[in-house]
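The first chain written gets the first letter, and so on, giving A, B, C and D; residue counts start at 1 in each chain.
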Amino acid sequence: METELRNAIRKLLEEKTVDVAIGYGRVGVNGAVGATFVTNPDDVDRLVWNNECRQNLATHLTRAEIKKLGKPAIVVKACDARAVVVLCNEAQIKREDVYVIGVVCDGIETADAAGNKTGALMGKCLSCVEHAAKNVDLLIGDEAAAKALDEKNAPNAKSVGHYEKLAKLRAMSQKERFEYWREQFSKCIRCHACRQNCPLCYCNRCVADKNRPTRIDTSSSLKGNFAWNILRAFHLAGRCVGCGACAAACPAGIELDLLNLTLANAAEDQFGYVSGKELGELPLIGTYSPTDKEEFIR
Amino acid sequence: MNAETKSTDAFEPKIVAFVCNWCTYLGADLAGTNRLEYPANIRILRLPCTGRVDFNLIVKAFEIGADAVLVSGCHPGDCHYTAGNFHARRRWDLFRELLDTVGIDLNRVYFSWISAAEGAKFQKLVTEIVDKTREMGPYEDYKKLVAES
Amino acid sequence: MENIYMPDPMEVVEVKQQTADIKLIRIKFRDPEKNANFKFNIGQFGLYSVFGVGESTFNICCSNSKDYIEFCFRKTGRVTERLWDVEPGDTIGFRGPFGNSYPMKEWEGKNLVFVAGGIAMPPIRCAILYALENRDKYGKITIVYGARTVNDLVCKDELDEWAQYPNVDVLKTVDVAPPEGTPWNGRVDFVPTVLKDSNITGDNAVALVVGPPIMIKLSLPILVEAGFKDEDIFTSLENRMKCGLGKCGRCNCGSVYVCKEGPVFTQADIKNMPNDY
Amino acid sequence: MSHIITLEQLKKTLADKISSGAQVVAPTLRGELAFFQKIDDVNQAVLEPRVRFQNSIKEFFFPRHETIFSFVRQGSDVQLVDAPEFDVEQIVVGARPCDAASLPILDPLFAWDYQDRFFQSRRAKSTVVVFACKTSDAHCFCTAVGGAPDSTNGADAILFALDDGSFEVRCVTDKGKALFSGKTQESDKTGAACAPPSVDFDVEKIATWIRGNFASPVWEEISYRCVGCGACAFVCPTCHCFDIVDEGSYSKGKRVKNWDSCQTVLFTLHASGHNPRATQGARQRQRMMHKFVIYPDKFNAKLCTGCGACSRSCGVSFGVRPALEELAKVANQSENN
């Protein structure tokens, strides 16, 4: 699939359909995979495709430094593709301004603290039922194999990986859960890697960075960290596509995506809403319906 | 039921109420003019609409020592801004799920619709919240968390 | 061991509004003993606190012969917004003095040229007041000061006072002509043009230029043409600061820490500093 | 003739210190990630040499969140209460040589004219016990900045893990001797550290290139993938930049100092909206200059111990080592032509 990807991008660059290709390359220490930006058709051999392509490259589409490079092509997995759709639906980019190359993905491996592969799939991949990206301009890879993987995961998609972890968490008592997150958030150093690596956290001045008034403390104190993590998760309610970039980037190893999964589940169960499925979809919180449930309201 | 008659060391809960300016605030006012007494533990904050209730305000309320939080506004359809409360309802539903996962005590977070004519409902609800919170005692978990910050 | 980040409580003595969004505040140490033996050099800055809100960096803009200190600020941020509501008798915090200063000793016997634009008057005012208090030590003093409109001039009333001193000419200007009928005895031009007509010469003279980058960019060639060498042209850099004493790693411009080795630099210094300000 | 201490004796020494009221910091495991943490019970500690940590011992000399003073308004006056000075004995055990090496690097900064009581009081009261490295990984480059797997730079004592679980103790300073006096036996067994990590770039040559290329476009090109978070700066044992903010209310509260990172947009943003370092490339340049040009100019020491924490915890596979490697290529190219 790698050669197919390289040839496709070489053609795009040669024909000037795009000015820069945002893909994966062995750019980190010991050949760790990260984002690479190819503008010259001869450099396409820097691009790779394997199950270490962990990052969600859509986060670069809204960055000023990358916009300066001109019209982008972007390599996406299915979960990343949904983030591109949400960016379009939220009018951050125009769909025709980005050439989306989907690659069939058979699951991404987690990395240990040194960036080496652990052999285990990411939580989201265990319950993934959409291995072939949608809303793309070009799809590379065997769609049939993707379908087979979808069907293999479908039966217990909602009871493995992060869903399993969340279920275990929700089964705890309220006090135990509070203690669990107290311990997790005590590790948070407020480096905001979760925010900066999230494709949908594109605000140029985050509300946590504002000080007139200071809505939440910028300190990495316990109360500051609770306020920050609650605010970050809620500002992604009905938007997060579950790509796991936040938890993968957290230096303290906090399982932030469980908070987002809670909101994604609530959006799906109560409003039948899954973000990033089709272009033109209205945002969940931006709309309402007279029949929304309200049994918790006095 | 007057706060002074209680012995001074008994726990007096602090309740923060975010109320909408067009309905619930007037409902509270009506309770006052009708001599419907409600406990003084409640601190009323007036906002244009429940749609304006930003969710870190609720977290901030617990940070500064609230033992329970009430968010109340116009009934669906009565909103002065036509859809503020509809948006709020959908957000409250999602936010309660998030608070539940984080382990914040949902028995201390109340949402309600109180119209300008429902002074009695306001008094009944506030009294109920104060009594229940007094029973539950102070929100120790969050106070400990803030103390350690 | 002393806590170097702890400010001293200061009493606000006087608040003078300069323009629609600029105020000058005069403060004294609440502790009379500290007030008595507080020393600072002309051109140094301090950090001013509104407790519960934050701290901001401003030059000490008065002469050091008084028993008070003054600073000017524009209402533009979190701290300055609350400084705006401060009244005489209130308490704010002060830490300082920090940074280097104008070499007033070396300048003795020389002609002084002061060029300021808009809110950049305060960092120059302290040098002007000191020079006027020691008038005989200095040669001819030329003050060229301009702002967008007449209402934007900081310390407008003092400009005319300074003009009364011997051998001092004050050339004030505004970019936009004032509306009909408003009394204005200054010119209507950009600062660099007024500087060009002020027939200053560079021999035995120094210049202090502070203002918006565009004003500095256009004034420098005029000074050089008039014979000022790079070591004779001084300026005061404004970098973002937090600690003010070289620890927090924020104000550097290349290898130069503006809070420790600045804010006063000569054009020669700035030439071998990277464009990081 | 060497001095040996068994694991039990080491644990007992630490346990005694804990019960005597000292603050003991040791490697602990939270899930399968290792953190340096204050321990209340010696069994929480995982006393074995380890390469990968999610934080560094910096947190116990330069805390990520610390109160400077608190204040209370009384009418128009304000009462200021200074923060209590750190006055507990602190034992940091299990640090890596590259953690300990950061302390003498930071000393001159926190003593540059103004004495920073917060750092210096913790430093004075601390004893740092280093475990010589048994392994290194691809991120380590201590040898490129003057470090080594058995360097005692900044350490009061160094322990070499032996096969039988005990350690050879070599005391470096009086503090080290005081901690281990009477707790070791003599023996002829000696321990050794692992081989120094291999490095294929020359930091001096790169520093010279950096000095001459402030405006080079290379800075933008190498930092396209950096998304400007604070992870690298916060896990770095030598990064010391901090922010000062007030917390609490207008009537009562405190002023605190928090870790800050030159990689974030707000670091040099002026109130007027002007930002001298508006792009990620400019911020990357500042980081590399501060570590390899500015700090050496000012304090004759590199602001980097080569521990590799930055590239290990970087979400986009960047960090100081990848940056050095890419700058080395550019520096070599510009040298040949």
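The rule is simple: a residue touches a chain if its C-beta (ideal position, glycine included) is under 8 Å from a C-beta of that chain, and two chains touch if they have at least 3 such contacts.
The structure displayed is predicted, hence computed values, not measured ones.
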- Query: Farthest chain from chain B, comparing Cα centres?
  - Reply: C
- Task: Check C-D against A-C and say which one is joined by more contacting C-beta pairs.
- Result: C-D
- Report, in whole Å, the distance between the mean C-alpha point of chain C and the mean C-alpha point of chain D. 39
- Query: At what distance in angstrom does the C-alpha mean of chain C lie from that of chain B?
  - Reply: 51
- Item | Chain centre separation (chain A, chain C; CA means) in Å | 50
- Distance between the centres, which are taken as Cα means, of chain D and chain A, whole angstrom: 31
- Note on the structure: Shared-interface residues of chain D (touching two or more other chains) are 243, 245, 249
- Note on the structure: So chain C residues touching two or more other chains come to 54, 77
- Message: I need the residues of chain A touching at least two other chains; which ones are they?
- Response: 211, 214, 217, 219, 221, 224
- What is the complete set of touching chain pairs? A-B, A-C, A-D, C-D
- Query: In the complex of these two chains, what residues of chain A are touching chain C?
  - Reply: 211-212, 214
- In the complex, the residues of chain D that touch chain A are 30-35, 51-52, 54-55, 64-65, 137-139, 220, 223-225, 227-231, 233-235, 243, 245, 247, 256, 258-259, 261, 264-266, 279-281, 308, 311-319, 321-322
- chain B-facing residues of chain A, complex: 166, 169-170, 172, 174-182, 207, 215-217, 219, 221-224, 226-227, 229-231, 233-234, 237-238, 258-259, 262-263, 265-267, 270-271, 284-285, 288-290, 292-294, 296-298
- Query: In their shared complex, at which residues does chain A touch chain D?
  - Reply: 27-30, 32-37, 55, 59-60, 63-66, 69, 112-115, 183, 187, 189-193, 195-197, 204-205, 209, 211, 214, 217-221, 224, 245, 248-253
- Which residues, counting only chain C, touch chain A once they are in their complex? 54, 77-78, 81
